[in-house]
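One structure below.
As written, the chain order gives the labels A, B, C and D, with residue 1 at the start of each chain.
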């Protein structure tokens, strides 16, 4: 079904941009673990809108209320259920959209899929707001993974045409990645951060938008996690990642660049590192045949420009069946990629925790 | 589980490179349809090895024997089961590989996942040979889809650094794509085909390899097919596509290129085409919010260079725990992307047929 | 996973007896349908505790609050999410149970499965209270099915050794069954209702309990619904039905009684009823080979005596590892079967709606 | 989908009564285990037809040929695939059945579900012959479980009205159950075996049939296996068991009998057995809240009389839409329950192995 994923750790999300609440259920979390709620809130804040000038000015506190599965901050063995009340809804912003679908939004396809009565205010169930429950679930998963020595951090590999300093895929500097988590622009290179800030402020002025690439790195994974064929690490990750709005590409390790290279250039040669078998390069992104090889997991996620722009656009009137012009109201991010870093970290954590449940008795 | 996928049309594959047979089961195919076996064989030949000088010289007839589910060429209502006998096994080529894992192959991770006794001759269950059953299932799916007006064709968008002429994503020339299906190099531009031929013959001489990008286009899809969030067209496609060996990236429509562009450049403006709502560009690749919008579905798949190269490579001895050198024997393709086009078409067909089962009573 | 089921209509439940709230998510409900909330409330009241002298005196209003998926009483296309706040918790009743597991309850197995920290107050996530969200989801399913001409009604076939008048399985009197829905004891025969009332009041006085058999009948099902082997009507129903606490047996049509009969006695002979093919008996319970045959679906569900009794029982101290005696406090039903009728109707409705989604485009 | 089940150990079956072959795929079996093929053959013989006078005289050798996943008798890490060739087909026996559906068979419902072209000779994909692949998979599961100290044995609790001696559900005599496995009538009480033999020979003479109850017992299960709600031991077992033809009821422990009893009679009191927590009775059948409690798992399966009888029966002509008479040809068992014991053991083994995969790293 559309709104859930996971085999041993199963996540369901619910809600729409303009309903009473959004939220989710997570089943399979280990009983008895205490969750650091402050840390979770800090994590959610990284995704939350309205934090700085680069983002939409829509403010949502994004405070999860736990309905079940948690007693005094401790996971209690039953499915964890939570909701986040919607507080900042300007439904009137969407009035003309009932008839005029926004380009590169799901307004039109949702109408064709669900019929005229589907509630698509603010993007409805397709809204990027649905990434908030993913971050609640994923923020908890990140805490549980850290207890097992697994760290996950992301950065903006690219915004528009501006590229961050490359990550060392064999020995990534996880501290550096951790330290940029709270930056408005999660790039390692401060000079590039400035360039992106200028770019985004200009886009905001122009009423335009741009895309970006989020790259995420996971270290400390056990070797031999995953499966061949259709249930490997890449398969499950890609399946879930494409559930995050605006994503149009997913790649691992050397990714699409490898297509133009030679086998002798990109094959990851094995070598001993003391007693440990490792590879001298990591173009495989830590995965061979769907299974972890002990090197860092590296994934790139391509995010298209925010489709909500303020420039006048061509569209059609569904009722009149004629061409028309559309100007979008509301409060939107010039570059959603900026706020997507914690979302990709969260989803990666959930999928890894799900795989870990295959081999970790405690997580069954 | 690892070896199956699908919700309404469910595919399971079995076999290993060097066992008695490979094969599969397909459940959910509509009862009473007659399959054109000659057409299926011609389709399988596009993937089969040993067809020309650009490929491995391993010859496998790849003739499917139907064990159940087919009576006199007609689908009989029970799961379709078939096998392809393995005929051209040189197990001795793999003797030294039991101890020395091949770089960028699954030899090492399979050992870590399944233990020492896993049968990894020729790549075992991770072998690209497992794409043959996918092509049997997918070749049948392609026939069923064509009856419903859905066409799927692919081409080599890129081999090494050589790029084919771009596809018009709004009005793709499906006849041109169909006509190159039997070319050894499935590019539209004949000049580029020559360049790739030279490249691949040189790589063969050098004992090296390269990668490529397969782009696939599907036309005739009903509007409104798919789902939001985690069960959209992109989600299911990506999940299955990453089950094909050597694939390290999947993107749709404008793909990763869009990350560097502006919303005002890449938003797909709606417009009326007579009575029909369409868009003037198709950077969305025919999908919005996981759901088809009536434009052609366009997907790019990034395939890494064949990891089997004949140059000497660095590796380790698993038993001695020390660095060593490895020279791979056997018969391998300098560029597996060349034979991957029908595989990606097949998988795309299976996933689309699976979605079609959601709305097409006959396919339940 | 443990807390969800369904393929086209997917239900997840959450909550524990003594947490903040219980609730659920239902995905796949058709967009645009208006739900009769008053009717839903009346349905929930049939399951709710504290309605009469025959039941536990624990009062729970069981009012669902819809968090998402419903706008002004209309299903809006996104997953329906709801919660029911827990209001009548006497946690102190369960203090001694942390160490002394109640016989024939899940206290002990939950501890062994989830560890010491699992929250088992009131039965935790294993509590029969979790049938309230099932009734919310199922009450809605019943309304949707009725629009399609499908009626589902149940009765108490047996309580203790007292048996209700038998149902005509070929031509069941659905009006009679509907009319007893609001009876405290859902038996067709008023004389038997009196007998059961006396029995239950005596059990209450004695601090003892008894079991019963709920029989449910569904009419108006399309012919040809279901699947062979492991995904037939009986398979899915049984899987979900055993998720309702206290159920130890499920049978269909003639059920276990047929084991002692002859084929010539129980085979359902086909006959024409005008233009329609029907059978003269219905020992198959409307299902052959997992697929509906147009006759009424008939299922029996065996419910054990409420394990919570007030008589002193033998148990053990988990901490002391020694035998001990236990007297259960709290407020419990002498016969949970009495309140189980709407639950079984609800679950049956959800499973049938799920199957209907396979063939009904609108319900995909 | 219809023809597969399992989460960690996934089983798919294929084939029809009168096709080229039947068979299956089992994924998730542990790599490196050697299977005792002779023992497997002996197990399959218990189910195979034509073994004695009480059964159908249709002889099928039921020899599995392993297509993949096994090298020299050892599980090799890839999915285990096998086929059994169909050898004894008398298709002509079924000629008149194309138009006249057999009472209480799936002929009619299969036609309504799959259309006129479905191959229903011999019951098609609904045939009890499909239990042979289940026995191949389950026979292997039984061997793997025995290595882990888990034994599963069944007996005929009842045939017609003749009941075997009751099993002690707390301390079952597993040796006695094991010793009757090769008896034509798997009852513990030899006197009852004689009575059943007489009954069945008389039914054979009369061209009639009867039903029976198979009871299966599993010992040595780890405590805490299973899940609450919809994914407990009972849920998964029932779901799969109803996939075996002719089954109309499933119950556990005290089963339906408990419905007429008192809580004070049937509650399973805990007591210490040395250091071990156990219960003095086992009406729960070893399961509380879907989870094993360390007592033997006890399940009853109700099997209806073989619907194929030789007496003239009433049916209809599908083409003429009129009542007609039908006399069934072919070779059928007067009581399929007799051959069902190993099938129920096999299915039980597969489901338990599937659950074990949740907690047993080796079985992931």
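List of remarks:
Basically, a contact is a pair of C-beta atoms (placed from the backbone, for glycine too) under 8 Å apart; a residue touches a chain by one contact, two chains touch by 3 or more.
Everything numeric here is computed off the predicted structure, so don't read it as measured data.
Repeated interface, listed pairs A-D, B-D or C-D, reference A-C: B-D, with more than half of the contact pairs matching by residue number.
In terms of the distance between Cα centroids, subunit A is separated most widely from D.
Each chain gets a centre from the mean of its Cα atoms; for subunit A and subunit B, those two points are 27 Å apart.
With each centre defined as the average position of its C-alpha atoms, the distance from subunit B to subunit D rounds to 39 Å. With centres set at the average Cα position, the gap from subunit B to subunit C is 46 Å. Among the residues of subunit C, those touching two or more other chains are numbered 1-4, 7, 13, 110, 125.
Taken together, the subunit D residues at the contact with subunit C in this complex read 1-5, 13, 101, 103-106, 108-110, 112-113, 125-126, 130, 158, 160-161, 203, 208-213, 223-232, 234-236, 238-243, 245, 248-256, 258-272, 275, 277, 279-280, 283-285, 287-293, 300, 302-309, 311, 313-316, 318, 321-323, 337. Contact residues of subunit B toward subunit C in the complex are 7, 358-359, 361, 364. By the touch criterion given at the top, residues 1-4, 6-7, 10, 12-16, 19-23, 25, 27-28, 31-32, 66-69, 71, 74, 76-81, 83, 110, 114-119, 124-125 of subunit D touch subunit B in their complex.
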